[in-house]
Amino acid sequence: METIKWKTGITKVEPNKIVTKGYRQDELIGNVPFSHVVFLLIKGVLPNEKEGKMLDAILTACIDHGVTPPSSQAARVVASGGVPMPTAIAAGLMSIGDFHGGAIEKGALFLKDGVKRMKKEGKNIEEMAAILVKESKEKKQRILGFGHRIHTDDPRTKKLLSLADELGIAKDHVALSKAIAVELEKSLGKKLPINVDGCVAALISDMGFDWRLGKAFFVIGRCAGLTAQVYEEISREKPMRRMWSADVEYDGPEEKKVD
Amino acid sequence: METIKWKTGITKVEPNKIVTKGYRQDELIGNVPFSHVVFLLIKGVLPNEKEGKMLDAILTACIDHGVTPPSSQAARVVASGGVPMPTAIAAGLMSIGDFHGGAIEKGALFLKDGVKRMKKEGKNIEEMAAILVKESKEKKQRILGFGHRIHTDDPRTKKLLSLADELGIAKDHVALSKAIAVELEKSLGKKLPINVDGCVAALISDMGFDWRLGKAFFVIGRCAGLTAQVYEEISREKPMRRMWSADVEYDGPEEKKVD
Amino acid sequence: METIKWKTGITKVEPNKIVTKGYRQDELIGNVPFSHVVFLLIKGVLPNEKEGKMLDAILTACIDHGVTPPSSQAARVVASGGVPMPTAIAAGLMSIGDFHGGAIEKGALFLKDGVKRMKKEGKNIEEMAAILVKESKEKKQRILGFGHRIHTDDPRTKKLLSLADELGIAKDHVALSKAIAVELEKSLGKKLPINVDGCVAALISDMGFDWRLGKAFFVIGRCAGLTAQVYEEISREKPMRRMWSADVEYDGPEEKKVD
Amino acid sequence: METIKWKTGITKVEPNKIVTKGYRQDELIGNVPFSHVVFLLIKGVLPNEKEGKMLDAILTACIDHGVTPPSSQAARVVASGGVPMPTAIAAGLMSIGDFHGGAIEKGALFLKDGVKRMKKEGKNIEEMAAILVKESKEKKQRILGFGHRIHTDDPRTKKLLSLADELGIAKDHVALSKAIAVELEKSLGKKLPINVDGCVAALISDMGFDWRLGKAFFVIGRCAGLTAQVYEEISREKPMRRMWSADVEYDGPEEKKVD
């Protein structure tokens, strides 16, 4: 039986020595902020002060949005069944998909393609945004990352974008995103501002992260909020409590006998 | 149908305003380090500078331990099946149980009971440690949080403990933990030093966290490492690759016919 | 690097030959009912006709209980986030814990200990039941597997128990379970009949299954119902729809400024 | 707070009455085989004897393929961390994705499109198969559901296909699948027979199931095998045992100091 060969560029483990992406963990611990270590793990290099600050802000912007998102509901309902905390947190994270946090991934890919095409076709940001909005209207495809069920002016987005300007992080992807919001307003006759998913999509693109990592930042940040959700559920509520009310109507097949 | 009433002390969501544990998220973002926000989410108050630094260090100490722990293996093998990143990360977290990270939870409970009993019975740290080691020997029950398969002197533990001293975080639970290590060495005739789980158990106890949150810190920190593991798997390896070699011998029932 | 040795008694895989618990899969397929194959997988032998029928009935009794149990809610809410079907089904199964289906495992252990003790102490079923109910009252510990939020006379339990009598499956564990229900009624002054979890606990015990497998039968049966729940969710509902109503009140810390 | 309205066509729950897809559960239990109840849950009607037999065979064909598939590995490694059985089984199911069982879903969609196009373009089965194989070669896209790492003549496929003929279940989708295998052999100069995923894809298509349910049958069947895998792991092996050997080489960034 031949032995499988593995190569990994993440962590080297030797007796009494653990090296992650080139740095000894005992040098990272207490010296480099956790959010910078997250950057290191994913990007392979430590961030400069501005990048570190931006990523830290992104993680905080993802922590929690109350008890109603699918992730909170899933984590709490699974916790109420009486399972270990990691299982309940995991159930919450599993709901992060095409429709919950999905705009980060797809939004980042859309912006990346947009910026690439803009350069190739020699357009400026405003022209490119106008083209993309027009095309999406023709194809009846929503551009992901704009509009929110509750917020018309999401405080997280606002803060993240002003911070990105201040830190000099915002570049083409953020600019294209802002220009699309302007075009969407013209096209729809109402504001459809960048939401937090769309904002994170633009920021990680300008920071050079692979769009396929879009959901990862949401997962890492939200993991903290879900821990709080699960802990509140188990420390404050009864097991298997009735959590939500809904008027349930059965509209399946008529009652009948087994032949 | 009566409406269910919910009370939550985590996050208040109103149009254009999100308040977590009393703080507007747009004030936390970019102003308070992510690790301090984690503290806030779980403890309900912002940490002081020393507590914040200690928690940040704990999260970093949990990030990753290479490709061999069950969490890395589970995350990678699930990722190799071709699923979304959050599903694969979740599978990794689900392996965190009684035997993987379990010593944090149970170790913290053990130390808590030890410190309580010490005060009640008017013993000092050394006396209490001697009693606990003696009892565990008699009951043939391992004290959790000591010894490691690979490290005889875990660099993470060393760094966390020195930082805890420096920051004035280390109190009775850390002291009892250290005293137990001394007694274990006497009793066993060989070193069985505090491992990273046991160290985190002692630290969160001295920081006043509920022992039931033991695995949560590991989950939040490791979530970052698992993201890197999953990303490496999907960006560098072939789908459904053969990951591990093992010589498999079938020793089940003899082959027979269905009657 | 030494090769790990594995022994497995489940399935032998050779080119063009797959043998499970001694039987070629191509002989099982189409010749042995799926539920009997489940028995084979877990018990290591094919069931006789009566055992097979009983296990088949148990699996059917576990399939589904509408949209309100934690497993249905978790599966649906995770599905609504836009993830693959297996992830959503898995999330539903993950809610099966100490409080959701937990009575099967713990109930089976309780009955096993009860029957053992009965024999050891030379008591009859009725005496043992009286003792157990008295003790549970004194210790203020609920005996698991009795009473249901909705059903006073659960149709699944009724059918399973009559079938077990008919097939000659019911023995000491079922008898003890029935006797406990009688004693509980005397003790409480109201009926607290065996629920479906308690019934499955008694039946699998009389069929000789390890109590630790208690949740497994529920998992296998419910997996089918969760598939239907997830399929209904994705084929009939909008993504991330608001599923449940709840009046949410924030009672966390007062709003304050970051210093 | 308005109450959410739910409609469900799966199960109606009333006190002492549970009706699934029109049938009282107490009439299904013990009277209708579990695999037929699975059919009912998903299709909304009870199968006739032949359909019931075919689905039963499909479920059995999915039960287990030893310790090496990602689902078995994930379930076992998560179980070894010390978690509840449902969590470990769930982790196994979560690995079922685009590359593990994925050919059922995509294969069924491909066959469905193929049969539709055949009718529209007035081609016969052989002509359509030739076109599809030619096109896939030109586009360099693999047709999913053919070939297996271990089996050149998968015993499960052989048995399922002969049963489908015998029961009169096999129609256009199976025929197209067989014709594609013939064309692939011509095109590649070697046999690339229908594998079990491709076979299930063809069968469920001929039985009228939605292709999006492709993985569901695999999930339901495999759930039984994963139960056996998890049970073997916890009853026979040590917690957190080293499961697999692999020669791990770190090829990440060179070791360096934190500035």
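When the chains are written out, they are named A, B, C and D in that same order, and each has its own residue count from 1.
Criterion: contacts are C-beta pairs under 8 Å (C-beta built on N, C-alpha and C of every residue); 3 or more make two chains touch, one makes a residue touch a chain.
Only a predicted model underlies this, so the values are computations on that prediction, with no experimental measurement involved.
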Same or different, please, for the chain A to chain C contact, judged on whether over half of the interface numbers appear on both copies.
same
Pick out whichever of the two, A-D or A-B, is joined by more C-beta pairs in contact.
A-B
Centroid spacing, where centroids are CA-atom means, of chain A and chain C in whole angstrom
36
What whole-Å value do you get for the distance between chain A and chain B if each is reduced to the mean of its CA atoms?
24
Determine the centre-to-centre distance between chain A and chain D, using the mean Cα coordinates as centres, and give it in whole Å.
30
Of all residues in chain A, the ones touching two or more other chains
1, 3-4, 6-12, 24, 28, 32, 66-68, 83-84, 86-87, 90-91, 94, 96-97, 101, 242-248
Once you draw an edge for every pair of touching chains, what topology comes out, line, ring, star, complete or other?
complete
Residues of chain B that touch chain C when the two form their complex
3-12, 19, 21-24, 27-28, 31-32, 44-46, 83-84, 86-87, 94, 244-258
Which of the residues in chain C end up touching chain D in this complex?
1-4, 6-18, 20, 24-26, 28-30, 32-35, 37-38, 41-42, 53, 56-57, 59-61, 63-68, 84-87, 89-91, 93-94, 96-97, 101, 150-156, 158-160, 163, 210, 212-213, 215-216, 219-221, 223-225, 227-229, 231-232, 234-236, 242-247
Chain A - residues contacting chain C, complex:
1, 3, 66-68, 70-71, 73-74, 77-78, 80-83, 87-88, 90-91, 94-102, 239-240, 242-246, 248
